Amino acid sequence: MKIGFIGLGTMGKPMARNLAKAGYELIVYNRNREKAQGWPDGAKVQVAGSAAEVAGQADILFTMLTDDAAVEEVYLGKEGLLEGASGRNNPELLVVDCSTIHPDTTLKMAERLASAGIEMLDAPVTGSEPQAEEGVLTFIVGGKPSLYEKCVPLFDVMGKKAVHMGAQGAGAKAKLANNALVATTLIALSESLALVQKSGVDPRLFLEVVAGGGARSGMAEMKGPKILGRDYSPQFMAKLMHKDLKLASRLAESVQVPMPALAAAKQVFQIACNLGLGDEDMSAVAKCYEQWSRIGGQHS
Amino acid sequence: MKIGFIGLGTMGKPMARNLAKAGYELIVYNRNREKAQGWPDGAKVQVAGSAAEVAGQADILFTMLTDDAAVEEVYLGKEGLLEGASGRNNPELLVVDCSTIHPDTTLKMAERLASAGIEMLDAPVTGSEPQAEEGVLTFIVGGKPSLYEKCVPLFDVMGKKAVHMGAQGAGAKAKLANNALVATTLIALSESLALVQKSGVDPRLFLEVVAGGGARSGMAEMKGPKILGRDYSPQFMAKLMHKDLKLASRLAESVQVPMPALAAAKQVFQIACNLGLGDEDMSAVAKCYEQWSRIGGQHS
Amino acid sequence: MKIGFIGLGTMGKPMARNLAKAGYELIVYNRNREKAQGWPDGAKVQVAGSAAEVAGQADILFTMLTDDAAVEEVYLGKEGLLEGASGRNNPELLVVDCSTIHPDTTLKMAERLASAGIEMLDAPVTGSEPQAEEGVLTFIVGGKPSLYEKCVPLFDVMGKKAVHMGAQGAGAKAKLANNALVATTLIALSESLALVQKSGVDPRLFLEVVAGGGARSGMAEMKGPKILGRDYSPQFMAKLMHKDLKLASRLAESVQVPMPALAAAKQVFQIACNLGLGDEDMSAVAKCYEQWSRIGGQHS
Amino acid sequence: MKIGFIGLGTMGKPMARNLAKAGYELIVYNRNREKAQGWPDGAKVQVAGSAAEVAGQADILFTMLTDDAAVEEVYLGKEGLLEGASGRNNPELLVVDCSTIHPDTTLKMAERLASAGIEMLDAPVTGSEPQAEEGVLTFIVGGKPSLYEKCVPLFDVMGKKAVHMGAQGAGAKAKLANNALVATTLIALSESLALVQKSGVDPRLFLEVVAGGGARSGMAEMKGPKILGRDYSPQFMAKLMHKDLKLASRLAESVQVPMPALAAAKQVFQIACNLGLGDEDMSAVAKCYEQWSRIGGQHS
């Protein structure tokens, strides 16, 4: 069995590397070819010249791409996945998209692939770079149960957990709801940290209190210390979270769910990106609150 | 050493009971005298007829009251704590207020007590009824270090942790920031649950995904299953959280910190209380989202 | 010169009628053919069987349609405008779209028409049913100046004012910004009316105060008395405003402008529509505040 | 009849000057005595050395002060109004407070004055410096009808309109609701102006469109051109509006009215003040949107 992997960025590269380490034979492609280099010793990795080439040879093909436009380009574009899959002898190809995109795009891709006899799962992940490297991602999967079962061994290599959410698109939907929750919790954390700091309370002690009670959260645990230490090196960039919040809001509109707290949080992410923080970690939204509250001489 | 305890409600009663179980001699008072009954066999509990009587005899006196008005009444009112303390032979009395109130009220009480030679700590807690019963509260303490040290053995009986946050009022401030974080996280959870439900995704599977990633939180863990099971029996009433959010907003105003996500969350709590949900658990805010999203035939 | 008119709903019908009254020769089409009946005595109105038929004969062709999907269908669909225009002998056709749609859709339509040699203006209007009937709309126009000049006499018949905003799409953009302003002002009015009512102040006197100072607005003037009189008969339906707010938010996202007050207002419109108020006048958002504030026994 | 006037700031001075011009005999006091100088030729103005002195001599006494604290100080403080009134021979004194303060403070002042046999009206105004100078303010009055009638001739001198809103405090309440409406409308205007500017539409043409339709407002008319002309010279300072929004929110809390759009608007005013714009005109909130949207090289 040959595993395809398209999209070797911050997330995709360590995911593919974990597959290679586990002994799988890979065929990979990345637009920027430099990123397609650098594999563990002894890894069986073939670097392809196009998405089409990967799609021509792989049995199971993972994609991990930036956004809806990139997915459309790689799947439907020139020398893309669909083009490559059309020329296959062996018709059996399963595409697993790990990108975080709008469920409508997911469904459109699945439909186009299906018309060429190709199966698909949507399988976005929770976790960012460190989790990808350690192989402890969570896969949120939508699509046929039999396809999900087929991929479980691979999910196990790259992640600590995989949840089959339901039909095609269910993974994409759950991922957006998950990130809406992450972002709003992060904003809430930033607000409370600004409040204690301006109130003259040591924010480190505050995080200790938070950790011991109902206010605890993955964000407080992972991002709290980084915010206080002013370490905004990107694990998940603010601009990517902003993109996800726009997708989540669109999903909310289409299923008619009001989300006022998400709406408020999304505005802060928009402002953060406009203030030039988009390439920093998403926790850099805390800088907005520092500026707005005149904390630490941040007021310009 | 005799321990005083004033305020034997949902939180105060189990806290006092844990002290009694640990063998401490108690003198207690509650406005509603029925609640002052019902102690473990062998407990040394004396029921007083007024706050003043407690203040006349206790060495360390805990108060656990509903709001700022109740604290002012019990501390400064007729037959209150200050009145009772004035007639003491032994001047050494340490008052420990565990109520969640505005730090300005804390400072005002401390000043009044100080003028009568009485020391005070502010020591609100995180955790609600179940944590109070199991003795696993977290105490968030403001005041002199020596006083804090004096109370640590008592905090250990009632809680799993105590953090000395700084000077008088620091506990009160940190508590409000903590509850702002709890409430906004809970609102974010309610929004994402509504989103997945309207999107046709099983919310139980969603909670599983949340638990495994950066979206995890005390709220998702504790309140998520209750929301899905429609169990809104009060552990911490929505109206009490609404009260705390008003106090947190006032603190934010006074230290000039903008908190747009908290502001949005507070509105939902206001609406929930107006819709008659104030006496249910704070997680009943999820019902607003159900009504607003037409989930489960909730639309009236 | 023959004027085409497609879309004879609440707005389009009185607009077309005003053109007919002014003596213009019309060819009209509406999907629901009943609405294509009922013209002033002596009017020269030809009822066509399709959009294509209108496009085959008109010199200037107005469209006034519900949303982006309707515009795409009428312009590009089967028996649509583009199809009809292709068979013309006289190539000169000017299409004027008065619908409120996303500027991207405007530009897409203009491009498709241009490829068939057809010119286009985007010319959405401010004003609702009463203004359409009285011929006092304001046209907000984007496109070539020469085309704008050509239409001024027709705008004058249907409106009191026309403003040439700039290049193609400028009308559509300005219209969305205008409606964002209308909606947020209306929400602000609803909030202040609820506040005075719950404070025990006569809201009629409040509107008098508002009218005399900086708080005055078209909304206070036009919708204030209707809200107090509980007259929510639709002049501009809440669901249509909600649609416009979604478009305005998308425009804001694409040009990266944070709009927190609009975001809050949009949520209330979403809730209002979900509560079944979508077909009432947009001022029915005031009912949300009545319910949320327990005014007038509205609490269910 | 002698008219007292305490508080000769941006608003109070021109109001008092209009009374003097109309021939009334005045006795005035201002903490900063320089501002008590500079009256029209022939004006009968006596400058007092304290609020008490004014209260000892005036028949009708206007106060126009900055905030609740200033009112409490002038009314109840040393050498204050109440002290001065106590020593009067003629007991008839009517106090008219034009300050914008919380209705609870109004009621507290009225009660204290009443215990000394002094009558009071609350009569805050809409309009800012230019309206004060031209004598075209609107008085929003709460208190006994007979007292209101007594003051109508004086209101007529200083204003174009006076509305008797109801019992004591009704003026104060209506004023806060009015300013909530002003501020939220101003924020909505700032958002739409940022949207059109970033969309490439001329904001001057946009204001023209706004003026002709339902989006029109006092704010668009008065502040729109100033925002585009970058003239933020204070007519009504941002920090004073922020103060009023905090009071309005507190009133809303006490009567349990959710106001999500006001809540969002108030956050922007808080940020504007923290960014150093508090002493500029309230329309300087538009600068936040410029910075947040990277308009006009405002991005720092």
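By written order: A, B, C and D. Residues from 1 in each chain.
Here is the rule we use: contacts are C-beta pairs under 8 Å (C-beta built on N, C-alpha and C of every residue); 3 or more make two chains touch, one makes a residue touch a chain.
Remember, predicted model here, so these are calculated numbers, not experimental data.
Using mean Cα coordinates as chain centres, the one most removed from chain B is C. Two chain pairs are in question, C-D and A-C; the one with more C-beta pairs in contact is C-D. As for how the two copies chain A and chain D face one another, over half of their interface residue numbers coincide.
With rounding to the nearest 5, the Cα superposition of chain A on chain B corresponds to a rotation angle of 180 degrees. Computed centre separation for the pair chain C/chain D is 38 angstrom, with centres defined by C-alpha atoms.
Averaged Cα coordinates give chain A a centre that lies 52 Å from the centre of chain D.
In whole angstrom, the spacing between the mean C-alpha positions of chain A and chain C is 39. Within chain B, residues 256-260, 263-264, 267-268, 270-271, 274, 292-294 each touch two or more of the remaining chains. Across the complex, chain A meets chain D through its residues 260, 264, 270-271, 274-276, 291-294, 299-300. Chain D meets chain C in the complex at residues 103, 126-128, 131, 138, 140, 160-161, 163-166, 170, 173-174, 176-182, 184-185, 187-189, 191-192, 194-196, 198-202, 205-206, 208-210, 212-220, 222, 248, 251-252, 255-265, 267-268, 289, 292-294.
Against chain D, in their complex, chain B makes its touches with residues 246, 249, 253, 256-260, 263-264, 266-268, 270-271, 273-274.
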